[in-house]
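Naming follows writing order (A, B and C), and every chain is counted from residue 1.
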Amino acid sequence: MAAVRSLAGLLAVLALWEAGTRIGLVDARFVPPPSVVLVRVAELLGQAAFLRDVIATVLAWAIALGIAVAIAVPAGLVLGSVRTVRIATRALVELLRPIPSVALIPLVILLVGGGPEAKITLAVYASIWPILYNTVYGLGEIDPLLTETARACGTPRLHIATSVALPSAAPFVVTGVRLSAAIALIVVVSTEFLAGASRGIGSAILQASSGAGRMDVVLAATLVAGAIGFAINEGLERLARRAFPWSTVASTA
Amino acid sequence: MEHRGEHGVNGLLLRSAVLVPALVTWELATRLAGSAFFPPPSEIAAAGARLWFSGPAGQGFLADTVYEDVLPSVVRVLAGWLIAVVLGVTAGIALGRSRVALDYVGPQLAFARAIPPPTLIPVFLVLFGIGTTMQVATIVFGALWPVLLNAVDGARSLDSVQEDTARSLRTPLAHRITMVVLPAALPKIFAGLRLSLSIAVLLMVVSELVGAANGIGYELIFAQRQFDFPVMWAWIALLGLLGYGLNTLLLAVERRVLRWQPSRAREAADVLA
Amino acid sequence: MSLLEVSGLGHAFPGGHRAIAELSFTVDAGELVCVVGPSGCGKSTLLRAVAGLLPPTTGEVRLHGDPVREVPADLAVVFQDYSRSLFPWLSTRRNVEFPLRWRGLDRAERRERAAEALGRVGLADSGERFPWQLSGGMQQRAAIARALVCRPAVLLMDEPFASVDAQTRLELEDLLRHVQREQASTVLLVTHDIDESVYLADRVLVLSPSPASIVADLTVGLPADRDQITTRESPEFVALRGEIARLLRGSADVRSPR
């Protein structure tokens, strides 16, 4: 029943959009109707050049996320398990975190050139924080009753870490990874769009929007980017639910 | 995740113990490296002082750029973020209370959230032209989703006993929403607010990089094009401080509004036997 | 005409599980009626149906002769789980004032009524504290104060003392009898505790295991002035308690023969 409603809702939105452009509420040159945009999406997905762009984006995203996880999870585990270290580095983390990676785009391009290294570097930088933060947070949220129970049963310390601490903290870590996945994709596409040097969905959008401005292509490519992000998020959410069915960790930001 | 020790003197000492060596290391490392791209923090601070504090006494020693760039940027961020909060909370609570409505729009919300906001900048540019409207629109579009989705989640997670109680008291709709649903959802909403604020700052910079004639982002890219790196880093540092400052303010508001939570107030109050 | 009339009340949940078979009983004004039955027999479902929180699949409930469709204006409920029923973001006083907010009283009147209600349950000094700062017994007193602040004709209580410790339970039982007699309110209280039902009630309805039906409707012949120690030692109390226990055991045997 819910699926039917979702479909109905989607069709309603598309219908409103279409109607809006036809009656002139929204200028069709600026915001083409779905009938045009969706056709464009189908076209784009059939073009080799665009598909190469998509692959370039997704590949950069995957690499960035992998590096971020490899750095942030161990760092988070270390920082999180020693309370004094956690408090001490908190201020540093809080100061560095708000610096938006996009502000560093010009610098990074100067340093590493305009190729994929730039967007990967920036995406890694932006993606580290949610994972780090959530890992540390997850370690802090371990119910002391659980660890005490384990200790009362005579469980050796290392075993407590793997059998109690890790499973308790894991859902938080995965939520952090999910947030980072979304951020990484946004940073990759944004860097492609703002710097324009390397291949990718963002560069395709940049090309389409410059000059005469093919807004239909812009919207089509944006929809594709959104679809990829949506698929990634849903996929990770389902994975998390499958892996941690017992977890009550919040599923939203 | 506020631990008692962090707010006391011990916390302050610990934090300085880390920050001071970090600063010193940074200074030494950059001086040794001698790269033009990474000026030492002392130079950055000097550039910043020249930039922002070189104004006449009548303006509080603040240079013109503070009024022409910093202020407009801050106004844009706050305006965009506040609009996103109002929209997100109202829509989120309304959707959270209606399972049916959520079924209709749920997937589209999840989809819209995944769209990288900078990619819609061309659309906003043609719709609104260069200027504050376009920037605020971009900020609102990006900052809306965490608030909205968290408000939905918060509104849905109302305790069943609380709901029964409200019903048994025949609570009218307006009171039910403002005095039961909203307060119950606030903890989750605040979590969304923090994320939303950092997205707002980010989009403020991005929108100014692309479509502005003034602002922090605009000055940042201008300095970069002039290869004036100390100034560029000064603007970056300002961004970090701005984000940190706004976040701290938000945390303070959160602490005040949510002071009824036992986990927060337990240190302060006594429990009766 | 009785204040509360329940006729042919039955409820089956979607999926087929019948919680209540057809129940009929009445409650007169000023009575304190206890409903006692084994765990899981459908007592809470019964209470929710009487309160108007749950539309029953068969039968009807009438209050003052009017059919109950949603929660009627003249009725208040006290739930078992007080820690989840009181709103944690409001102080105790504001919690008690809560139902008065949409009844056209100004701030001073609300404060006065809330203070009065809190005083009646023995919480006169605890108005400014938040619920989590109160002990379990005090929280339930606050919930009772909130239920009484609108001076309802009928008070429904769902195992209200099951979540407090034994000694607090005795205090709260006495409090309830005191308040009920002072206000001449009508109370319908659901419990699994046989002793409590006899001590509190003017009448006891004994329920069978699920689907619940009324096994017996007993009048409690104890004096109006009751004391936790002497009343519980009295032969009438012991006899009544024994009778109810046998009825419960007997109906359990009928349902699941050994």
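Here, a residue touches a chain if its C-beta (ideal position, glycine included) is under 8 Å from a C-beta of that chain, and two chains touch if they have at least 3 such contacts.
Keep in mind it's a predicted model, so treat the numbers as computed, not measured.
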Indicate which of the five shapes (line, ring, star, complete, other) describes how the chains touch one another.
line
Chain separated most widely from subunit B, comparing mean CA positions
C
Centroid of subunit B to centroid of subunit C, CA atoms only: how many Å?
49
Taking each chain's mean CA coordinate, subunit A and subunit B are separated, in whole Å, by 18
Centroid from C-alpha atoms only, then distance subunit A to subunit C, rounded to Å. What do you get?
52
So, in the complex, the side of subunit C touching subunit B is made of residues 48, 51, 53, 70-71, 73, 75-77, 79, 81, 84-85, 87-90, 98-99, 101-102, 126, 129-130, 132-135, 138, 146
Residue positions on subunit B within touch of subunit C in the complex are 159, 161-162, 164-165, 167-172, 175, 179-180, 183-184, 186, 260-262, 265, 269-273
Show me the residue ranges of subunit B that touch subunit A in the complex, using the header's touch definition.
1, 3, 5-6, 11, 14-15, 17-19, 22, 37, 100, 103-108, 110-123, 125-127, 146, 149-150, 152-153, 188, 191-192, 195, 198, 201-202, 205-206, 209-210, 217, 220-221, 224-225, 232, 235-236, 239-244, 246-247
Which residues, counting only subunit A, touch subunit B once they are in their complex?
1-2, 5-6, 8-10, 12-13, 29-31, 83-84, 87-92, 94-107, 110-111, 137, 140, 182, 185-186, 189-190, 193-194, 201-202, 205, 208-209, 213, 215, 218-219, 221-223, 225-230, 232-234, 250-253
